[in-house]
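Below are structures written as structure tokens.
Both complexes below contain subunit A, partnered by subunit B and then by subunit C.
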Partner chain A sequence: MSAAADAPPADGPAPGRAWWRRLLSDPLALTSAVFLALVVLSAVAAPLIAPHDPFASSRSVMQPPVWTDTGSWAHPLGTDGQGRDMLSRSLYGTRLTLLIGVLSVGLGGVLGSILGLMAAFKSAIDPYVMRVVDVMLSFPAILLGLALVAVMGPGAWPVIVALAIATVPDCARIARSIAVSVMKQEYIEAGRAVGLSDAALFTRYLLRNAISSIMIFISLRFGQVILIGAALSYLGLGARPPVAELGMMAAQGRDFLLFAPHIAVIPSVLIFLIVLTANVLGDALRDVLDPRLRG
Partner chain B sequence: MMTQVANRLLVSIPVLFGVLLLGFFLLILVPGDPAIVLAGPMATPEIVDAIRADMGLDRPVLIQFASYLGRVLQGDLGRSLISNKTVVSELAAAIGPTAELMLACLIWSIPLGIAMGTLAAVHRGRLIDRIIMAISVAGVSLPIFFICLILIQLVGVHWQLLPFIGRGGPLWTLEGLRHVALPALSLGAIFIGPVARMTRSSVLEVLKLDHVRTARAKGLSERRVILRHGLRNALIPVVTLVGLQAGYLLGGAVVTESIFSYPGLGRLAVGAILSSDFPLAQGAILILALAFILINMIVDILYALLDPRVQA
Partner chain C sequence: MKILLATGAMLLGAGLAQAQEITIVREVDSNNYDPHKTTSRAASEVLFMIGDTLVSLAPDMLTVEPGLAESWEVSEDGTLYTFKLREDVQFCDGKPMTAEDVVYSVERWIDPDTSSPVAWRAGDVESVTATDDYTVEYKLSAPFSELLYQLTQSFGTIVDQANVEALGDDFGVTGFNGTGPFCWVEWTPRDKMIIERHDAYTWGAPFHDNQGPASMERITWQIVPEENTRTVAVLTGQSEISQYVPYIALEQLKGAPNVEVVQSDLAFWTYFMGFKIDKETVSDPAVRRAINLAVNQEAMAEDLFFGVVQPAYSYVSQEALDWDASLDDTLLKFDPEEANRILDEAGWARGDDGVRAKDGVRLAPTAYVFAGSGWAKLSEAVQAYLREIGVDMQIQAFDATVAWGKLATQEFDMFGMSYPYVSSGDALNLYFRSENMPTPNRMNWNDARTDELLLAGATAITDETRADSYAQVLKIVHDAALWLPLYHEPMVIAQSTELETVTPHNIYGAGLYKGLDLKFAE
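Right after this comes the complex of A and B.
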């Protein structure tokens, strides 16, 4: 935020320099942030810290986790139906689940923000952009996912592309509505008056003042995207073997629910915790950065 | 009012066109040559050529699209590659069960969500508000397949209270109700959260308004103030929410139907995609998109009816 010193203050309650300090003073948000950071770190470092090869089968099939009577430290989270180490698979699975979420929200968010901000900045293109956005909004994410998987075949990429496309119109609308109110501010007028170029006006004034609200939207969207991606993988339409993905791992465990519930429960609970902490953090971020959006 | 509806219908035209374009591309962009897929592995090149000419695949794309439009408008969506039944008859058989599932889900989750949201708003900031909001956040964070698996395991397998495979018949029969119960519980579980959240913020908004203060000043009981003057006006955004969340609900239905082997549109679509039955997949996606557009249209019109201010 220090580089923003020459930009005018954001519209509404100013985020202030120490917004993250206020964010982390909320114990729930702090816990969520720490948890998510740990999950992201361990997912990134999966190849370094995984105790076993996540794809190698062993003789010890359906071994329960260490906290049960028959568990052992050789496989802290037990093994799955093919004797593969659950801890290593969970680490790799989290890696792919997070990657799907980050890529689709990132791609869709950037594209949507650009569209929305441009629409507010250049009123000539506004009606055209918004008409396209309206049409795109008529395709729910799950239908786009199904359609793309039908054409491209099951896999992580069609899911990422579909979720990214589905994020574009929502993000464009949010970005536009924020940008429209920013464009009415006097400092935009002032910037124009002193002869700033459109590019400078766009990046230094508009983008910097709209970015925090867009970030809030994206953080709240992240959880939803992860859930849809995992559901598609669960159905066999998303990520497929040989890779590991949490939704797919839950699907592989459903046949053993009776004898070895941990195979389905561990990946499902991991998804739940990732989405829950992302949502809690998104809510807290909104309260700190932009209380006006509070629902 | 009429212009409102007419405008809404006009906006839907480009959307409908987009949906049809999507359906068309689903058919011509299939991996490999659709004529070869249709002809099967044993076909000679002559048969493939004949099928290609028969399907019009040798003609320009625009003409193919025009003839596709013509066929769809006449209700011809082709035949399933697997069952060889017409796609339309397969879809017709699946619409009813999906509508029943939706009904069975909404009928308990919306009232419960509204009740929870109102309770939270009235007791804002207190423990009960925090508990209800925590339940809502947890509800929107749970993967729906996990809810399904838990319900199947507990209610279906362990307690053996309810069946968890397929459909037992129409909703008004006991067997039909018993079979739809678990899928409707799973689907409703992910819907309570959004409804409760929306109701809470909407009630909080309305309780600040002048007419509520007047009602209090008149000496009406708090209960009457909240139910008659608060909740009633707060329900308008909740109606919109159901429309906005139709896509979310649809996604949940696709998963729920597949897990419970419930013979609705969602399972049909997933099954068709997994078995590379392109005409059926195209038909299922087309009809789901149409349903989504229709729901949003109805909600918009309902919104205008409920809120006189929108009519301007």
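Right after this comes the complex of A and C.
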């Protein structure tokens, strides 16, 4: 974050050409991108590809996954303590987990960026906005989630709102620090001099030059948000049963850890992989987009 | 140097003769250990060991045997109980226990200033008087057929007036002077409770093999919230005995050479979901009957609880005192087709999403349950069964700290609960009396006939009248399908093979009862 604050100014409105091509030339980034794309696709298509009803329980409880001696292809990832198909639940669970991540990062990111950019653009409101952001920053996301759930009742929405609120201050700070350095640039002065309106100056000069750095931050934030969201669900605050969510599935599997570890391990590994690949991709994205690191 | 040697010798001696000390792991602690000010099972477990009651309950849950009272007489009209006390009983501090202590204990129990949540269990007391040092007259305004059973509970523990007054609000928190086989040493809330042998104890109930003193010198009740950790503690010998091992671990524990699992045949702790009968959806008796028919308790008992628990179709154990065996054949058992038929007939039609509705009301009752793995499993299993008949049950789980408050509101349609009892009358009077609305009568069951019969049962002088009154109440409430019974939980104890096999007791879920059976095998 502080690194971004003293970043040298970007010297042109658009970042380098074919940035995605450079991104995918990195084998690690390519693997991550392919994996994430697969996860997202299968999550989106969950209702089509899930072999079983994710909510239907059966008498075959705690079936091990297919790669163990007693596993069977009827339930490739086994079943949970209620006899529900783990593969179907994982697909639906990933869907909800990703949805929570995307929505909260999206909402918080947009709101935070606007606040930060505005603060840098209009120095009159800067102290007010940043003090509000300071206050928000002092509030842990988990605590905020607990409070919101107490008011709104458990469910996916309070978690999304809590995570979005938690994303706002960080994002606002990053956006502001980037925007402040952009505002010092000569082309802003020039724009002012030729009589551009505030709106045009904001969107055409400031936003375009700041957006890539903000996007990098948001992409790095995504993994973090998924983790906190899963933690909240693990505490029983997120998704309400019978809905599946990876954090909640891990929590339910805890009771079976000694005897049927796959019930807790499968969703945990999924969370791990999603967060890991999201972070790797975010890092790679920064390498490609960050003007300082551009060769 | 001398001191060092002496200490070394002492340690060596202690090492040779096995220390008579055990650790018992359990899930939760109590808020206090004042017998009149808590209803928690955790408090009862310790109070049974550090205190005594006038009468004791045998492991069959039916026979009342002597405790601090060596004999008692009940007057013909059932309102006067005369207890003859043992003359050899003393408190942990050495003071002899007399009739005055009994009088003080009962008076404190029912004193409105104590605001005891369990005062009703003492009956409608008119007066308690000591006619001499070892005779107590317990006079009731109306007969109370449950009285002797209630007096076996830890709420009837005899306390020491001087101790209560000296400690004030700290009574049962920083100390407790009782007459039990063990004495209070130290309590660290939410961590551990340490108790020590009461060497003078010789007044155990006749059904104990050992009437005292206890064999164990020191017992540590250790709180371990996580169930896998408790399992490992028992497996590795960090804890010698525990009734709080998860059912899923029982097979493994049974297979371990150093662990023995004992289980009671009786199961006097019942899990159920109740219906708030004045709510839009579950006010329809057809809905309540259908829900009862939709759930397969037998499959749940096997799949979720590994066959350890007894599937429940009745609201109290069918072994409980005054259960009416003629109801056995009328209980609602798993029959989803019949459930669907009843709902169709009652006009609840399935919508596009498979959920039934009637007059624009979706059949989606909200259920309040306790947060935690036990109720999560249970309520989700019920939810899955109900989906099959087009009932979309919504689960709202609350942490125990807020759940009791939430369960006292009128917000929900169904609720999950479990409770211990000594007899049918005990259970029925608690849950189905109209004056117990809104809690524990969370169903809002307000029926004059039920109240009348419950009163008749409670004040019955003969066993027949009592049994007959309660049988009628049982029929009324089962016919109305006010609950969805789920399972009866037996007492299951995992113990080290270093200990002699204990007899699990069902009294208020405190499986080790007085702790007199706890003994290292020779």
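What we mean here is this: the second predicted complex is superposed on the first by the 275 of 295 C-alpha atoms of A that agree within 3 Å, B and C clash if a C-alpha of one lies under 4 Å from a C-alpha of the other, contacts with A are read in each partner's own complex, and residues count from 1 in each chain.
Here is the rule we go by: a residue touches a chain if its C-beta (ideal position, glycine included) is under 8 Å from a C-beta of that chain, and two chains touch if they have at least 3 such contacts.
Small disclaimer: the values here were computed from a predicted structure and weren't measured.
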First, second, both or neither for A:R204, with subunit B first and subunit C second: neither
Which superposed partner A:D134 touches (first subunit B, second subunit C, both, neither): first
Partner chain in contact with A:R254 - subunit B first, subunit C second, else both or neither: both
Partner chain in contact with A:G153 - subunit B first, subunit C second, else both or neither: both
First (subunit B), second (subunit C), both or neither touched by A:L227: first
Which superposed partner A:G236 touches (first subunit B, second subunit C, both, neither): both
Partner chain(s) touched by A:R22 [first = subunit B, second = subunit C, both, neither]: neither
Touch count on subunit A, higher of subunit B and subunit C: B
Residues of subunit A that lie at the interface with subunit B and also at the interface with subunit C: 153-154, 236, 254, 257-258
Residue ranges of subunit A touching subunit B (in the complex, touch as defined): 131, 134-135, 138-143, 146-147, 149-154, 223-224, 227-228, 230-231, 234-237, 247, 250-251, 254, 257-258, 261, 264, 268-269, 271-272, 275-276, 279-280, 283, 294-295
Residue numbers on subunit C that touch subunit A, as the complex places them: 227-228, 231-232, 246, 248-249, 252, 299, 303-304, 371, 373, 376-377, 379-381, 383-385, 387, 394-397
Touch list for subunit B against partner subunit A, complex: 11, 14-15, 18-19, 22, 25-26, 29-31, 137-138, 140-146, 149, 152-153, 157, 197-198, 200-201, 246-248, 250-251, 254-255, 258, 269-270, 272-274, 278, 281-282, 285, 288-289, 292-293, 296
Contact footprint of subunit C on subunit A as seen in their complex: 55-57, 59, 61, 81-84, 153-154, 236, 240-242, 252, 254-259
